[in-house]
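Next come two complexes, and both contain subunit A; in the first it sits with subunit B, in the second with subunit C.
Let's turn to the complex of A and B:
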């Protein structure tokens, strides 16, 4: 695996091309993709790729840059989906407003979760966030007002009306998701080149040292969590607008948490383009193994993804793409670029 | 007059001892090498399914399967460390979390793929039925599970305190470098800890399979979280801490279900887990490990 990556990078040194050129080079040609999508299945896969680019970027902020391994992002995703859905279904509030409310509410949920759990480090943080998701799942299942275990269905009669953000043509969904993916990628790019990104990486590499240097680890983690949750909430709202059906199982099952983590990890943690690579690899594999292996219930695709996770964690714990230094000449010869994140290797 | 809460207390203590055994296995691995096994419940699921299939297809009694499953899970644990976990030991925490999460997915969905996602129960157990004393109904399999768990916990304590392997494990947990200087092969000790930790789930899984319905999608998660909570309550590196933590979790679950809304039974455990993690530094039950 790593051999192939090295071979490709020897021919085209992607790391030396500025991100400012690479991002448009990826996104602008992608606009033409629906023209080539002859089947509904392919277009559907592309839409999910774009949605999961955004979700992967969301996790990338907190997991890739700040190094906090959150297993609770499905909570913010589900909060977003329910907010957009309920505002539209119960109160006829257009999703264009609803998505913004979703993002803000999810950010609030994320900040509460962060305020509770950021005192914990490493796997203690992971366990606490995992418990939060499982707890939210139980609560959402029992909460009758939001549909309980049955879930809520969108009023299909409103498809195509101008304020409903429900389209009869899948291509329009593609462009909506494209905007979401591009927006989140630019957000992470902005983070990458800003001081905030460097602070977060510093916290990831050595929290004590960062605090000694005057960086308030708690508040910067909260900042990252707020941004990350805002994006996850909007992603949840868009997901609800696309599948037109919200229920706790599809929004909060364990797999959702894994997907958030899997995509940046496959592509490369703490990199701007990592989640794009990860989403393409992951979603295409997921959708096509689903059809080849006959339904999700068989679970064989999850056995494969489990093995992929094990292989990645053993052989390339920092993802397929190497981290690039934040600013041209900083850190090219330091330990960081050689070994990637070193969180928790030598501390207590 | 008997309040329903007394029945809940009895049930809570009985299941809590099994939680304690599983948690002791998790806590051993966690305490010795600072790795959290997110797939702990899934490992237990392996033993449960071996018990289910052996009893359904070959009519083998679960009691005979106890040593078989313990040995099987020891080998699984030893192999898991030697083949996979060892390679992530020097890497970032993320690698370790992903690794055991990968194991979780592989085992859970592997079992679902081969055995189906339906809920299973076992029927031909040697001990069956229940008795009613002072108005409290107690089922024999639950009592037997608690007794087997207690005996195994005692054995675990004996191994760690008295045997040379146990002493080496404790030495490695205290100071890896010093243990290496003393000629202890720490890699073998880590692998052995994984073996012992999972053998505990093998025994608990066999016993639990005899009287609990097993649902491959839900059961492992419940056990993993319950043992996380028990270890967080009881403090790391203390078997009795984990056991007391396990009993507390069993009580919280059952008393919560009988006094409050039973459909939120798991939620109480999650809340206890988060609170226990947050106040862990101060140590809710840390006095146990000091003794």
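Let's turn to the complex of A and C:
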């Protein structure tokens, strides 16, 4: 299998194509996909792929670049969903504003979590974020004003009004999610080629050495957490606008956190295109195995997905897409370069 | 024991005054003092356990000293965060040739650029670009042909050269080098020594921990010898290294 991967990657050497060509080459043709979606199921799957591209990019910023394993992005996702939903349902505030507020509120939640844990080393951040999910689940479940365990339903009478960001046509949702996926991908592209991207990767690889390089790990991790949470909050708001229903279980179940992590892990951590590939692989596997097997063999879909994950871990342990440097291209060295490495390579 | 000698420059860059560091049950530094003057290469030697690496860690803010002070020029930097100390002008290259292995040589240099006046928020909108100084340093240490190689693929000697170049990225007041030639292919030791000498001629100040006495002899303008967390002696290398107390500290009576 690895031979096949090498063969294909030799024919289509994606690493040599500039990202600024690849991103439009992926997103512009994707605009035509709804024309080929003859079933609701397929269109629904495509919409989720685009939503999860954005959510995967969100986690990619803090997990893939800064190396901080957040197990609590569902909290920011749920905060966004509830904020957009409540502002619209209770206060008639348009979701166009609600989404922005969702992003800001989620960023604030993320920054509070970061401020409490980023001075600590090792896995305190992961533990704190996981605890936040469990805590938020209990709070949201008990909080009657936001619907408690029953949740909140959107007023379906408003579907179709331009103010409501609620559409009767699924195709329009596709285009909204397309904008979200493209926007987050461009954000991560800018991160990748920026100084910030390099500083975060440095912190990810060796925090002590990054500090020794003059990089203030705490503030850069906070910055990454704020950006990442902002995107997760908007994603939560968009999810609420799509399903028109918010309740703690679907927003905060443990698997939601795992999904955030899996997508960039499958696609390639700290890469621009990884979450796109990861979302396609993950969502199609999830939706099709669920549909084909869900009725009679509940849970078997997860077994199959687990097998896909094992195959990826064995053959592509760094994810399906390899990280490319912020400047220059790996592998462009000359014969002298190779001999330069070999001449000094015996002392390791 | 103090030896009267003329130092390279009168201006003090780094001054360590009566530094103490205690760990539970052990006193790693017990009142160490040393001074590094502008444009000098100062060697710090001593047998294992003398406190050399602890001294570097205290200067760099990795450990908070129990007592004593560290001054960079007129500024007291005792106990500050490492990243702040680096931004003030003290750089360090580790003994283990620590680089960011997953980043290319150029990206390693970019990670080490001057962060002094950097606005954290703006770094997202500021593209990673090599400056002339970065390119010159990569050329000067002989890694230009390997600039797009992942640093993890370099040999130990090449990694050490990269750490020296990276340490100079911030245009520091002083560079702390922890055993720059340890574990390096003998063919590359001369490259490292020549690089340090060239950079010193260009105005860089170094403080070097080193076990190889030939390297200390070749490089150092002045040497401090530590033993059991205290100053044993100091002076020009030809004087300090021939001191009977130093021989006794290393080899016993």
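Rule of thumb we're sticking to: the second predicted complex is superposed on the first by the 303 of 348 C-alpha atoms of A that agree within 3 Å, B and C clash if a C-alpha of one lies under 4 Å from a C-alpha of the other, contacts with A are read in each partner's own complex, and residues count from 1 in each chain.
Basically, contacts are C-beta pairs under 8 Å (C-beta built on N, C-alpha and C of every residue); 3 or more make two chains touch, one makes a residue touch a chain.
These numbers come from a predicted model, not from an experiment.
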(request) Name the contact category of A:261: first (subunit B only), second (subunit C only), both, or neither. (result) first
(request) Please work out whether A:317 is in contact with subunit B alone, subunit C alone, both, or neither, and reply first, second, both or neither. (result) first
(request) Considering only touches as defined above, state whether A:219 meets subunit B (first), subunit C (second), both or neither. (result) second
(request) Using the superposition on chain A described above, determine whether A:307 touches subunit B (first), subunit C (second), both, or neither. (result) first
(request) Mind working out whether A:139 is in touch with subunit B, subunit C, both or neither, as first, second, both or neither? (result) first
(request) Mind working out whether A:210 is in touch with subunit B, subunit C, both or neither, as first, second, both or neither? (result) second
(message) Just to be sure I follow: which residues of subunit A are touched by subunit B in one complex and then by subunit C in the other one?
(response) 340-341, 343-345
(request) Enumerate the contact residues on subunit B facing subunit A in the complex. (result) 35-36, 38, 84, 87-88, 90-99, 101-110, 112-113, 117, 221, 225, 228, 232, 261, 263-264, 266-267, 270-271, 273-274, 277-278, 280
(request) Name, in rising order, each residue of subunit A that touches subunit C in their complex. (result) 190-191, 193-199, 201-202, 205-206, 208-217, 219-220, 223, 227, 323, 325-334, 336-337, 340-341, 343-348
(request) State the interface residues of subunit C toward subunit A in the complex, per the touch definition above. (result) 60, 62, 81-84, 86-87, 92, 94, 98-104, 106-107, 110-116, 118, 120-121, 123-130, 145-150, 153-158, 166, 169-170, 183-185, 187-188
(request) Note which residues of subunit A are touching subunit B in the complex, please. (result) 63, 67, 69, 71, 116-117, 119-120, 122-124, 126-128, 130-132, 134-135, 138-139, 141-142, 254, 258, 261, 265, 269, 297-300, 302-303, 305-315, 317-318, 340-345
